[in-house]
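Presented sequentially are two complexes of chain A, the first with chain B as partner and the second with chain C.
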Partner chain A sequence: MTLGQRLIANEWSAIAVAIVIGVVGLAATSPAFLTEFNLYVMMRSFCVVLVVAFAQMLTLAVGQLNLSIGALGGLVAIAIGGMMEVLGFPIAVALPIGLAIGALGGLINGLLTVRTGINGFIITLATASAFTGINLGITESIPFYNLPSAFVAFGTARLSAFPMLLIPPVIVALLLALFLARTVPGRQLLAVGGNPHAAQLSGVHMNGIVVLAHTLSGLLAAVGAILAVAQLGSAQPTIGQDWLIMSFAAPIIGGAALTGGHVSVAATALAVVLIVLIQNGMVLAQVDPYWVQFLLGALILAAVGLNRLRAVRAGEA
Partner chain B sequence: MTATETLNPDPVMTVADANEAPARRGAFLAESGNLIGLAAIVLIFWVVLTSLRPGFISNFNLFTLSRSLAIDIVIGFSTMVVLATGGMNLAIGSIGVCAVMAAGFLMQGLGLPPLVAFAAALALGAALGWLNGFAIVRSGVNSFIITLASASLYLGAMLILSKAVTFNELPAAVADFGKLRFGGFVSPLLIIALAIGAALIVLFRFTALGREILAAGANPRAAELSGVPVGRVVIIAHTLSGALAGAAGLMLVARLGAAMPSIGQDWLLPSFLAPVLGGTLLSGGAVSVIGTMLGALLVTTIRSGLLVMQVGNFWLQLFLGVILLAAVMLDRYRGKVAERRSLGRR
Partner chain C sequence: MRLTVEDIGKSFPGVTALDGVSFEIRPGEIHALMGENGAGKSTLIKIITGLYRPDRGRLLVDGVPADFHSPRDAIAAGISAVHQERNLIPRFTVGENILLERLPRRHGLVDYGRVHREARRFLDMIDPSIDTRTEVRRLSVAQMQIVEIAKALSLEAGVLLLDEPTASITGHEADALFAVLRRLKAEGKAIVFVSHKLEEVTAISDRVTVLRDGKVAAAGEPIASMSRGRIVSAMIGREERVAEIGERDLRDRTAVLEARGVATALGHRDIGFTLRKGEILGLYGLVGAGRTELARALIGDVRITAGEVRVNGRPVAIASVPEAIRRHRIGYISEDRKAEGLILAHPVRSNVAITVWRRIASALGLVGRGAERRIVEPLVRKLDLKTPSIEQGVGKLSGGNQQKVSIAKWLAAGVEILIIDEPTVGIDIKTKTAIHELIAEITRDGVSVLLISSDMPEMITLADRILVMRDFALVGEIENSRRYEPMSRRIMSFIHQGAEGAAENEPNGPEAAHG
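Now for the complex of A and B:
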């Protein structure tokens, strides 16, 4: 195998090349790109998308999907906002409850999917609507603005270009990589996605693993919601509305198969870097922000096309 | 006459004719049971809503109801024809809004007569649907991914080209058509939707193409072996879905009297609600045109009911989500009971 072929065969190499081209291109054309502030802004917008992408990646790993990530995120966002502003709960109480709500929402998704045997698409489409309904019913679309100053300050704190907000997502990424690579439930999760029948024959408790994947997905959606609230400085009921396409785009660009069993924490993270880079480039070039929507669609199509090509090549070899 | 157009998923395996007739009757009873159950739920809603708020069956409310019902039905059809092939189309809202904005531009920007503009917009919807189908068949990638990406692509292109500006100086004839009433409360839009439904029943019951679409959805391999051009059939279903999405968008233009870029963004849930409530399978091979219409009627009834009960739009999403969950779980439960009964008989 030549170096070129090896690069094509590697799932994240194409993304890495695209990122390098993007960085060099932007640095050459826009003097504002490599400024400390712009790097800070970029890394800050990286945080929420990364965790949201991981939330979807976990359901994709078992061959499921979760349309309710954004709705659940919105619900958790207003729940922690309401707890801190209206009920006066301290941060240390509100955030764990918020995480628990996320995990509970995911657990409901998982149990409904497993118990009824109905396609996860329909289940999470329905629960997404229900979560959004609860969110809008409680808030009537009015955000919570008066959050504890320590919480809001964390959202804007930085060490030169490095935002403090980036610390939780990095920890999540490391834990997730460890979970999928080194723990029994993590391996079982991938085994169930790769070949459910074989996994079951090897004694893996299938339903339990699917429920676990959904629960963790909900938990990560809650982490994303907390980060989004900290980033915005207010708990907006609209948080999560634009997560759907992002949540699928990053894992799929990162080479995840919809059939399950194949996901990569590193490739997903690189895909998020690429998406953030494109968004930032659009802003710097002062292009119509609508181009982001267009390019995201094109990027997904390009990625699945490339994956397809790779699969065909692998089949020929 | 069965209301659901199903196809024997395994045409090669023919059981003795004596066994087949009761089995078919069983399927027929289960399907009509589903439709009767759905109709009963709708009826209960109507009785309760009317007794609580007599204004629910006022001519005015029935007229607004018939207009939104028409649109919900066509949105449901748009998803239904793709579900028949075992695929899905997440780009319905985006295709709808592309057709809407194209029609708006042709009428307001170029001054074309509404009929020409609407025909061109429908053709655009069909073309975008064809593009979806072509990409799915050619790449062999799951329709979920392709249409998720193309939804973003189409919406982005529409926003770039239109700059998200509403066309609100359309020919008066468009809004006048939307305001037309027959018999006091029936919108011509509803008649169009019912006509489309009749055409779809004919397609899936009486034409080779309709049977081929169902065959491709039920078992693509078996269909391929029996000489069905599965790829072409899938592309046709997606083209039809695109045209129907465009039609739904244009009906909304007639109702609103304007072409807005925000149209279609909330279509995903109702587009699946109507066919799934009506008994169309996600796995493909079976559609119910009448069921989709009843499903759309239930959705419209709940939406209108919450409005007249002044519960407010905020809780609507919760109701729709819970009802979808309840419906699919009930359906699953009924299937299990039927299975147990047939096993017991043996």
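Now for the complex of A and C:
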């Protein structure tokens, strides 16, 4: 294989090359890029996007999708904010309840999908609207600002050059990689995505696995919400509104099969690095942030095209 | 383990798949299950393995009634199966596929060392050369089949069902499989073996049950008491009826479709033939010989790179399927009715009328139901299409009636040349005769048919002349005498000679074959 063919065949090498080019380019053109502060800012924005991308990646793995990730994240964000500010719950109580709300939302998505047999697209489109409705109904669009100082401090704390905020996403990434590669439910999840009929005939509890994927997706959306609240220092009802496109962009750029059965934690993480780099580069170049949306769209199309090319090369098409 | 099937009935909309089927599989026997396509074998296997639930009747495992809600229940009860469809996860390794639903774990994590060791043990029974660490998508079809078999063996189930396990593997591998089956039988396992190959069935089974039209036609007869002839007649029924076309002399008819020296982008070379008006021209060959691809070239779906095609004597260059239909009145019925021929969720009316919508649309571009009905209803009557109404969804019709919808669609379009690809695959034998008579009848109305079929009796019943194709070239052309024995021998000899011709690199294969 030539180098070019190798790069096409490997899921993350192309992303890595793009990242290197991006870093070199930005370092050469913008003196602000390699400052400690800028790197710190980038790492902080990496955290939420990564977890949100994983949330979508899990539903893609089982051959489904979840349009309600952002709505559920917003709901969890204001729920923990409300619990801590209005109800005065301690952090150790509010956060687990927040995670439970996320998992419950995902469970509802999953159960509705398998019980009704209706496409997850419509189910999660509907629940997204419902979750957003609850969110705005409770808050009337007013954020919760008075959060416990320890919680806000965590959002800005540093460990030498690294934000403390980076710790949860890294743990999530390691657990997720282990889950998908080495645990039985994880393998069954990919099996159902890879060939539902075969998995079912092998005695895999297919509906249970689909529900599990949605539940974990909801749980990760909640993790993303908690990180977002910590990062902002306040529980904004608008949290999650801009998650959807990134949640698809990262796993797809990371080579996830849209038909299910194949995802990569490492490649998805690299894709998130690339997305953060692009956002940062555009900020540094003082480009209108709306153009970031455009670029992400273009990137998804390019990634889907590349995946298709790989499939054709591998003779699977 | 003893598995008893008692008076099982199962219907799907429009079809009774099983009607009061009973049979018993005893420990320590290999029980052959036979029947034509559509006789109900696969439905029965799907009921035994928990994929379908029966409408009536029951299953007993060792005399105890069993109610399977899913394949999990059947597996838990000790029933394992190799299904006809491929059931592997492409991106998983061979080892993981074999042990999929019960991956061994250590400290909560999958123990891959044990996965591969255990998978190895079962794979070695049939083919030690397959590496358990290979991803399944990198295997050949035969290797995948072996993995499926190893997977079924690995459950060490009391009852093992094998649905056409030898369809895609070599004789050597089949022998290894049979040795394993005999050993399992000696261990007291109950084995159900579905196969179309009579030689295999008589060689390995102890008893045979034959299904016909969803009913038991022979119930657990000892194989020693059943001659091959008796098995076949149980399968097709005594009242076998063959369409009578009668010999026709069409030599002075005008040519409607001619090919001269045609080559295609897919590798056909020097294709030459003539289809006459009202004729059924057969195109016989083994699967993969390039027949379907030639059909697609004739309707403008595959590029023709050399040579000449004439329709009604005029040279044509057909660039697209709509052009083939509208300008030249050539229609094509795909062998894959469900995927390519019909819109299953739509009613008979729109499936037939789709070809004429443009013609019957009003000045405003609207298609009236009445106009559709006036075209569709006479065709439904003419073809004796069995449907409650023309509003019935095509997916709910039987295979034979679906095929009639395909034919009706092209008759509505007013085609003069119809290419029919494997018209009776998956259709029961009675309807098959009706389809044959229908094809003969439309040719009497002046339609010319190019018939692609791998079914030798069908070819010899229907075709006026038979072209034999091999490796994307025509290797023979025969006037059909409609006498089965000599005709099938001649056709097969062309297929074998074609192989020698190809080996000697003779460029003028087709001409040589004429001599």
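A few comments on the model shown:
One rule holds for everything that comes next: the second predicted complex is superposed on the first by the 311 of 317 C-alpha atoms of A that agree within 3 Å, B and C clash if a C-alpha of one lies under 4 Å from a C-alpha of the other, contacts with A are read in each partner's own complex, and residues count from 1 in each chain.
In the analysis below, contacts are C-beta pairs under 8 Å (C-beta built on N, C-alpha and C of every residue); 3 or more make two chains touch, one makes a residue touch a chain.
These numbers come from a predicted model, not from an experiment.
Of the two partner chains placed around the shared chain by superposition, chain B is the only one that A:291 touches, whereas chain C remains out of contact. In the superposition on chain A, A:204 contacts chain C only, with no contact to chain B.
By the touch criterion stated above, A:136 is placed in contact with chain B alone, chain C being left untouched.
When chain B and chain C are set side by side, the one touching more residues of chain A is B.
Of the two partner chains placed by the overlay, only chain C lies in contact with A:178; chain B stays clear of it.
By the document's definition of touching, of the two partners only chain B reaches A:248; chain C does not.
The contact sets of chain A with chain B and with chain C never meet.
Those residues of chain B lying in contact with chain A across their complex are 88, 135, 139-142, 144-146, 148-157, 159-160, 163-164, 268-269, 272, 276, 282, 312-322, 324-325, 328-329, 332.
The touching residues of chain C, when paired with chain A in their complex, are 49, 51, 70-72, 75-76, 81, 83, 85-92, 96, 100-103, 105, 108-110, 137, 151. Listing the residues of chain A that touch chain C in their complex gives 178, 182-184, 187-188, 190-191, 194-195, 197-205, 261-262, 314, 316. Residues 65, 112, 116-119, 121-123, 125-134, 136-137, 140-141, 245, 248, 252, 258, 288, 290-298, 300-301, 304-305, 308 of chain A are the ones touching chain B in the complex.
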